[in-house]
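You will see subunit A twice below: alongside subunit B first, and alongside subunit C after that.
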Partner chain A sequence: MENQISFFSSFGLNDVFFMAEAAYRTLLISVVSISIGTVIGGIFGWMLFEGRISATILLGPILDVFRSVPLIIQLVLFYNFAPIIGFDLDAFESGLVILTLYTAALVANVVRGGIASVGEPMRRAARSLGMNYWQDLRYVVFPIGVRAIFPSWVGVALGVLKDSALVSVLGYVELLRASQILMTRTQEPLLIIAVAGAFYFALSYPISRFSASFERKWSQ
Partner chain B sequence: MFDYNFHWRPVLKSLPDLLEASLVTLQVAVLSMIIGIVIGLFLSVLKLKARGPLKWFATCWIELARNTPALFQLFFFGFGLGALGIHLTPFFIVLAGLSFNNAGYLAENFRGGFNAIPETQLKAARSLGMTLWHAYTRILVPQVLRIVYYPMTNQFVWAVLMSSLGMLVGFRELSGETQFFASKTYRIFEYFAAAAIIYYIMVKLILFISKLLATRLFRY
Partner chain C sequence: MIQIDNLQKYFGQLHVLRGIDLQVKKGEVLSVIGASGSGKSTLLYCINGLEQIQGGTITVDGVEVHDKGTDLNKLRQSMGMVFQQWNSFPHLTAIENVALAPKIVKKKSKSEAIEIAKKQLVHVGLEEKLNVYPSELSGGQQQRLAIARALAMDPQYMLFDEATSALDPELVGEVLETMRLLAEEGMTMICVTHEMGFARDVSDRVAFFNDGVIEEIDTAENIFENPKSELTQKFLSKVR
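For the complex of A and B:
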């Protein structure tokens, strides 16, 4: 039995590069959706805070849906819904849309809390100094609010980074999907799952430490 | 553009099965929450009081649970332990993954709770002749559980939402059942829309009940 053919090959250096590329795709989809989602979420949060009845009746429940339905269900639902209304989106695009909306829904809540944390007396003072509404928002509410919400925003961003693993359900080859592919080929699940975990940890842990040290510095 | 025919009849016909599966979802979420609270309490005490390997162990658990995706944790308990020859059933994979995750997140909440209780209470309890175990279980822990009541309900909602990942390891809770029926009938959109509605109602019910409980628990 010299020329025995093996269907499985072992885990090599190439595979590490494959996983690094997949980690890049994880980072890509999360960075894009977090940045767009934060902007939209900021606007939504401001609307939730300022809007009287219209926003709380219309916007609130809609954003609430994104927070009370599992992300995986949202992804599958949207992936199958988009063709019905005539959009032909691939896995990356539908994942991006849902992750962005999900981020926006979470950020909106955080931002609303942030604006509320800037006390009413502070804002009255700004207005009585002659600032108009937008100046008050730009020079008073924004700098104070950003400090207040920064830790919870980082929490949301890290959550989205981790939840982007679910886009693999649609067939987008990100870190977890890549490790599944490698597991099937090499039959070494423990090693590969450890490498995938290390990649995630390396992406997420420094950011959470950075945010914690920032928070400590600002609270002094 | 709109040439898709919705068929809701199969969904209505399998609605009893879906509702039954949502009970499985609740069951695994409640169990993982109970296990998570117990382990989380131990982890937070270890992180606060212990030294050396025990503290290191608690820190590792908490950071791993918080900095890797829940899906990765499920894969670890599914494929990773499988490589070591430990084969769990899908139910135990989901239960173990969720409990691991819950314990890590709750431990951080509990740590904040323990820090909020004055150091003198423990000393007073000890000088009254209570053992360390009694001082913790009768004096400190009940107060901590009160302080972190709302974070805990949030975590419970997360556990319900996270259990949907069971679909990817072959567990027949609400999402798994939905996927089973969806692939049997090819009515993917309709089934997942139904699942989304059931999840939404479940989450709202949980929040409502927890609010009712809070008014009863915190009367004083």
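For the complex of A and C:
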């Protein structure tokens, strides 16, 4: 009995650090893709709103594809397709590209709605004061629109943060993947899933609080 | 001077303005009355270049509004416009609302713009509301804020598009009072209005619009006491 070999070892402090590092990777890929995706999505949303023919015909359907095809399928397809067209992307880079485009597609529609919510009369009032198109956009449409879409945008951001777990299928060791590795070793799925959930909560909760305080400030 | 010659305006198939000829001299107050849908508001939008026109010309101080070479952003600075829906910027306080355009369009320094804004808010009687957001102002106060905002650009002309028709009845008076004050100060004004009392007391001339044409234009006294056109008589008998 004394010589029994154990294949499993229990969950320890080192594993918490391992998961914290994985949580950092989740945060990294989410923050970068949400940031870049929001900027691109903002430009796309503006193009959709302005409704130039090319934007409506080309951009609309492309964004619809990103919104409609399940993210996991997009990730696997792109990861395998990228090398064929000459891009040697690792799991992180592939995941980043897809999450960014996915964010951009969601944000584009939110932004289009936000610009529309400002309304023609308000914009005419701005133009009647002598503002040019860009001044109207920068000083009137942007600040009013941002307040209108902020809650929707926070929803998109939180969604992408959680959906980033899907990048694990490409082998990127983020929070979910790390949990799976530890579960295999420790055979303690409940505990580890609970810890992973706590990490996701710790990442998301500050965003909700932060946005709630913003909205309170604006609503006065 | 605003000079309009044979102005034609279509919305798709709809012929909204059918040959308008009109002159408004410096210092004059012109009221435009008529039924809804007769093209009164559209006329103001055309003068300000917010609407394209399909025929004729509009000239403001010698500059043709719809000429391709015209810098509309510059021209609009000489024409303040006040809308039926006051459209105050909800994210800015009263003083910021008024200071915004002087700052970014006229490139005034921040302190200069604030100074101008304060002066105009005092002008319209909002000196106690400088740092208040529009959501905390009544409709009448928001409309006066819109007037101050337009005045801050130091315009030569003021265009009022039914400035009081979206207001609760008890708030109409304060806005009309502000408009009356401007008229007394010698501002050149075109007021599209349903307030017959205002049109009669304040305007030098009154134009009666019917179905896209000026049916009759004359001094306020003649229009109200002695209208020549049957349509004018009919309209006035209905609104009185």
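Everything that follows uses one rule, which is that the second predicted complex is superposed on the first by the 208 of 220 C-alpha atoms of A that agree within 3 Å, B and C clash if a C-alpha of one lies under 4 Å from a C-alpha of the other, contacts with A are read in each partner's own complex, and residues count from 1 in each chain.
The definition used in the following text is that a contact is a pair of C-beta atoms (placed from the backbone, for glycine too) under 8 Å apart; a residue touches a chain by one contact, two chains touch by 3 or more.
Keep in mind that what you see is a predicted model, and the values were worked out from it rather than measured.
> Once both complexes are superposed via subunit A, do subunit B and subunit C end up clashing or fitting?
Result for subunit B and subunit C: fit.
> Just checking: does A:122 make contact with subunit B only, subunit C only, both, or neither of them? Give me first, second, both or neither.
Once the two structures are laid over each other on A, A:122 reaches subunit C alone.
> Looking at subunit A, which partner touches more of its residues: subunit C or subunit B?
B
> Answer with first, second, both or neither: which of subunit B and subunit C does A:185 touch in the superposed model?
Neither subunit B nor subunit C is touched by A:185.
> Pick one for A:132: touches subunit B only (first), subunit C only (second), both, or neither.
In the superposition, A:132 touches subunit C alone.
> Taking the C-alpha centre of subunit A as the vertex, compute the angle to the C-alpha centres of subunit B and subunit C, in steps of 10 degrees.
Apex at subunit A; the opening toward subunit B and subunit C is 100 degrees.
> Mind working out whether A:140 is in touch with subunit B, subunit C, both or neither, as first, second, both or neither?
Second partner only.
> Quick one: smallest Cα-Cα gap between subunit B and subunit C in the superposed arrangement, Å?
23 Å.
> Please output the residues of subunit A touching subunit B within their complex, sorted ascending.
Of all residues in subunit A, those touching subunit B are 65, 68-74, 76-77, 80-81, 83-86, 158, 162-163, 165-166, 168-169, 176, 179-180, 183, 188-190, 193-194, 196-197, 200-201, 204-205, 208.
> Quick check: in the complex, which residue numbers of subunit B touch subunit A?
Interface residues on subunit B, with respect to subunit A: 1-2, 4, 63-64, 66-72, 75-76, 79-80, 82-84, 157, 161-162, 164-165, 167-168, 175, 178, 188-189, 192-193, 195-196, 199-200, 203-204.
> Taking the touch rule as given, give the residues of subunit A at its contact with subunit C in the complex, in rising order.
It is residues 121-122, 124-132, 135, 139-140, 143-144, 147, 218, 220 of subunit A that touch subunit C.
> For a test of understanding, state which residues of subunit C touch subunit A in their complex under the given definition.
Going by the criterion above, the answer is residues 45, 48, 50, 73-74, 76-77, 79-81, 83, 85, 87, 89-91, 100-101, 104-106, 133, 146, 149-150, 153.
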